[in-house]
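Chains here go by letter, A, B, C and D, matching the order in which they are written, and residues are numbered from 1 within each.
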Amino acid sequence: MAGIAVSATINGDSVEYLCQPDETLLDVLRDRLGLTGAKEGCGTGDCGACSVILDNRLVCSCLVLGAEAEGRRVETVEGMAHGDKLHPLQQKFLEHAALQCGICTPGFLIAAKDLLAKNPDPTEEEIRFGLAGNLCRCTGYDKIVRAVQDAATVMKGA
Amino acid sequence: MVEVTLWGALGQLAGGQSKVEVEAKDIRELFRKLAEQYPAFEPLIDRGIAVAIDGTIYRDTWSKELPQGAEIFLMPRLAGG
Amino acid sequence: MRYIRPLSIEDAVGQLAGSAGTAAILAGGSDLLVRMKGGFVEPDLIVDIKSIAGLSEIRETAEGFSIGAAVPCAVLGESAALKKAWPGVVEAAKLIGSKQVQGRCTITGNLCNASPAADSVPALVAAGARASIVGPGGRRTIAVASVPTGPGKTSLAKGEIIEAILLDKRAPRSGDAYLRFIPRTEMDIAVVSAGVNLTLDEHGVIKAARVALGAAAPTVLLVEEAAEALIGRKLDEAALERLAKVCFGACRPIDDKRGTIEFRRKVAGVLARRAATSAYARAGGK
Amino acid sequence: MNFDPRYSGRNFTSVGTRPIRPDGVDKVTGRARYGADFNMAGQLVGRVLRSPHAHATIRKIDTSKAEKLPGVKAVITAADLPDLTDGDAAMYDILDNCMARTKALYDGHAVAAVAAVDARTARQALKLIVVDYEVLPHVTDVDEAMKHHAPLINDAIFTEGLEEKPVKPSNVTKRSQFGHGDVHQGFGHADFVVERSFKTEQTHQGYIEPHACVASVSSDGTADLWVCTQGHFVYRQHCAQLLGMEASKLRVTSSEIGGGFGGKTHVWAEPVALALSRKAGRPVKLVMTRDEVFRASGPTSATSIDIRIGARKDGTITAAEATLRYSCGPYAGSWAEIGAMTAFACYKLDNVKTVGYEVLVNRPKTAAYRAPSAPMAAFAVESAVDELAKEIGMDPVEFRIRNAAQEGTRSSYGPVYGPIGIGPTLEAARSHPHMKAPLGPNQGRGMACGFWFNFGGQTCTDLNIGMDGSVSLAVGTVDVGGSRASLSLVAAEELGIAYEHVKAIVADTSSLGYNDMTDGSRGTFSSSMATISAARNAIKILRERAAQMWDISVDDVVWEKGHAVARGEKHGNLGKLSLKEIAAASGKTGGPIAGHSELVADGAGVSFATHICDIEVDPETGATRVIRYTVVQDAGKAVHPTYVEGQYQGGAAQGIGWALNEEYIYGKDGRLQNPGFLDYRIPVCSDLPMIDTQILEIPNPNHPYGVRGVGETSIVPPLAAIANAVSNAAGVRMTHIPMSPPRILAAIEAERGG
């Protein structure tokens, strides 16, 4: 089976790769490009651990074919920080201990980034529903919601 | 000589007794003497028995001394999550 | 396995019609990729329709709205005109999956997946939506309700693609609403659901009504008797009671991991009542 | 040097603060490496073929076609994992569970595995393996399995613990009994008696990270295993034993772990990956799918419990009795035994009797799940306690306070309690503002108590002081939720230096002595004890080096706030030497400075919690909404309070999911119908409110800082607290967990219709 040649922009960098037609974007990111920040928790779009932003849309990368990324922009958790400066969401997740095991964290950060880009001043309810596609089994979500609220405040002020 | 209370299953193996007397200064000696007196205990000791001394549960400290007059209680060794 | 990205609907139709093995249409992929992952399907050909001109657009025409087959549900929610005209259809579409899935899933895909529990379908059927189909024999338009023929089965022939879902221009004093029951607040498949579409006269009396139930039968259920229970009345308590009773009786659900027959019947009635109340208010009824 | 673990009472500088965790930045930038994030050069993809039958004899497995498929490098069956367990029944069960030997015992039981060059080839190879099954009758329900005509899962099992040795085999592997006094007499003194039967369905830990490992076996018999686990030393021991290796030749590195909650305390895929690698001569990566995690890892027990409690008019419980039946999967376990021990542990009872039955069913082998077995027992007991309070006409909190166990009470599982926290958590709950929050229509408030034992166990820790005075701490207990932060705080506290100068890591099995796994809420409890001990050993050396530098006797040097201080009149002008100064000179004063500790941390101290919650019930649909939730729990001493709160909140959230929606659903064919997060419904963000916490600190007398384990107890009360709240909101007593909307609506309708 011949591979499909794909050119995409990932975290601002032009990237070219070959992938099989049944290979997901998540497989490509993790196994071909070494970007293991996005996690596979279910492979069926039910947990959000593989969340990435594809042309300004939040998606589960397990539900996107690698071939579909042709000519598109992909943002992953690896692209959130600028140099050694963390994104406010990353900083607030640390300060609020919004992670325990941390496996869901990359997905939450990406989903929260997308949420705040579209709604810079969300209510608690909007945050909760906005992040409902991301499962966390450790925290009970309390500290995650607080971290997003705090990050929103900081980002508004910036 | 210390008095040792057995839990249900152990008591049955000791002929229905719920308490037995053993001459032992620490948990290691207690298990050794119990295995001598009640050979049927041995597989259970191998599987794991915890010892509560005055309410504090010891699972592994076989060197723990058994104070005279202390309440000594044998319990199954449990799994945790 | 081959993956192609045709640029015209004719090319897509030709590729599908000419494919030897199994072929699958890929729009949002939120059903297809899950089925592939589970090993339930292994298509020989995947036809990605997102690069076909026009399929990713919502067009407002003199007749109403044309929602391209590749338009993600999230985009439906961003269309102010559509939301104003068909709030029930939009709220149903917005209930499919998570934010992540919203960025991908389409109402056409939701329809073609032919699940009895599909969220957007009862709302579309209540809205009287039609599907514009392109195939080897040309174009045809059919009622959305006649697309699914059973769980996982559609009336589409080999090589046929739904190009767009068509919604009529809204009559004055109209409103629609969709409600579903799920055990959690998000992320579940509907246990049972109800879509209600009403048009009132100037006195607030219902002059047209369509009531559709989801997950209540092998395919979406348009309950004519429920509409009759509403037409010619204001939405008073008696009308609502009658509506609930009719819906309860019309259900032909199954017992499964998501709910029991008894539960689905009762809740179908409750949801129909609540959806009707909301549609009535949206139509300006008091 | 003998380590004194007794609580000393001290003022803390670092302990009790809330710094950022040392592994945090890696986890928010995607750099942290979990089980599936690691690769070895030339690795193959491993996949497992699983039984589609709940119960079947394996007549024959033909792997020849799969072996011939290009790209397949190894195919294994049970024949490639010979029985080396030497009569160790528990290990044999683990072996049989990793790869079915003669019978497939549940839907999902592994029967063969392949290693191939890529995932597609591995998947194709699985399809080419032909298994000849003889399908047998199955049983998945715990009560059905106990009936005498039930299909027999293992005809070599005869019930242990019966008065008379049974002559016929049974699905009941063991009967256990606890208690004291005379319940018959006790019920005779009761004015009110509540008697009810309860059921709870099977749930899964639901960690987001599926099991994953990379195994590499060399032809010289050495091997490396990278794996997500709660205990890499235990995995090493089990894998080495099952594969016939020397433990020291198998180096196991624990990856970052994406949740465990007890579910990563067992080996499943790891021996298989090692066997594949051994046969293929190449590294093998084996990652479970979510479907496999649900079907073939270790969920908790389904249960059926009968409760009887009697009390006098004045609110004193006179007798309490419970019969508990817990499913174990197809292998013997001791899950009902734990339920029988914990059931009435919160109360002071003169007459109590609990009986547990371990029951085999055709479901996956039960594994530990956070305070295993306790939540179900607590659900039954605390529901009945609430109902009894109502019958007597007492406030449920007052009723519990009146009957709460205290220091000197004989526990229902046997021993007499030392200082314990059940009373204080109840008192705190009584005066918590939550109790006065207004309730709306269709809303109800419920509360419940919970108990868990907590463990300690074998622990080994290394503390190395660098020449620059910074400290590396290597521990062997896997960090499941922030323990590297708390252990760094403890090291900083003991040495008297800043937290920032300590870096904690989890060392691999070749770098450190044996450690028990992170279970039984022991991670911070036991490793902090070992860290204190290691730090004290290092301080002893620091004092010696300072003494050398000053040329005085070590007896004249004390350690104060990170400095060696010379004591005595003669040394008044010597001032202080900082840890940094002593470290800088270490090359000339005897070499590197380190502290080591190996100990058994025992005396973990039992733990209690009280939860309060408000639930709204939609009387027309049975839908529930959690309005408010409060956790009150004793932590002994909260080393890093934020992570203690996190444990409280996380346990409560898991309990809420269990109470309301999570359950294994089996079809008539014995197959699991909901092996995915779509229909195994763990709570999502919008399902929950903020979860309020109150940390009580009643020092544990058996830990230098008074620390108790905090990880597990928080999952014990929620099932009952929510059941009591639903009961108060909807006016019906719920006896079946989960209280899914169809069950609640059916109960409401039954109550209405009579």
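Keep this in mind: a residue touches a chain if its C-beta (ideal position, glycine included) is under 8 Å from a C-beta of that chain, and two chains touch if they have at least 3 such contacts.
Only a predicted model underlies this, so the values are computations on that prediction, with no experimental measurement involved.
Least step count on the touch graph, chain B to chain C: 2. Judged by contacting C-beta pairs, the busier of the interfaces C-D and A-C is A-C.
Centroids of chain A and chain B (each the mean of its C-alpha atoms) stand 54 Å apart.
Centre-to-centre separation of chain C and chain D, using mean CA positions: 44 Å. Chain D has its Cα centroid 29 Å from the Cα centroid of chain A.
Contact of a single residue of chain A with at least two other chains is seen at positions 20, 22, 43-44, 46, 129, 131-134. Touching of two or more other chains is recorded for residues 38, 185-187 of chain C. In chain D, 205, 260-261, 677-678, 683-684, 686 are the positions where the chain touches two or more neighbouring chains simultaneously. Pairwise, the chains that touch each other are A-C, A-D, B-D, C-D. Interface residues of chain D facing chain A in the complex, by the touch rule stated above, are 18, 20-21, 23-25, 27-34, 36-37, 120, 205-210, 256-261, 287, 289-290, 480-482, 642-643, 645-646, 649-650, 652-654, 676-678, 682-686, 688, 690-691.
If you check the complex, the residues on chain C that touch chain A are 1-3, 5, 26, 28-30, 33-34, 36-38, 42, 46, 48, 50, 72, 74, 97-101, 103-104, 185-187. Note for the complex: chain A touches chain D at residues 20, 22, 30, 35-44, 46-47, 49, 76-78, 80-81, 86, 90, 93-97, 99-106, 109, 124-125, 127-129, 131-146.
Touching chain C in their complex are the following residues of chain A: 1, 4, 20-22, 24, 43-46, 48, 51, 54, 57-60, 62-65, 67-68, 70, 111, 114-115, 129-134. Across the complex, chain C is touched by residues 123, 291, 620-623, 625, 660-661, 665, 673-674, 677-679, 681, 683-684, 686-687, 740-742, 745-746, 749 of chain D.
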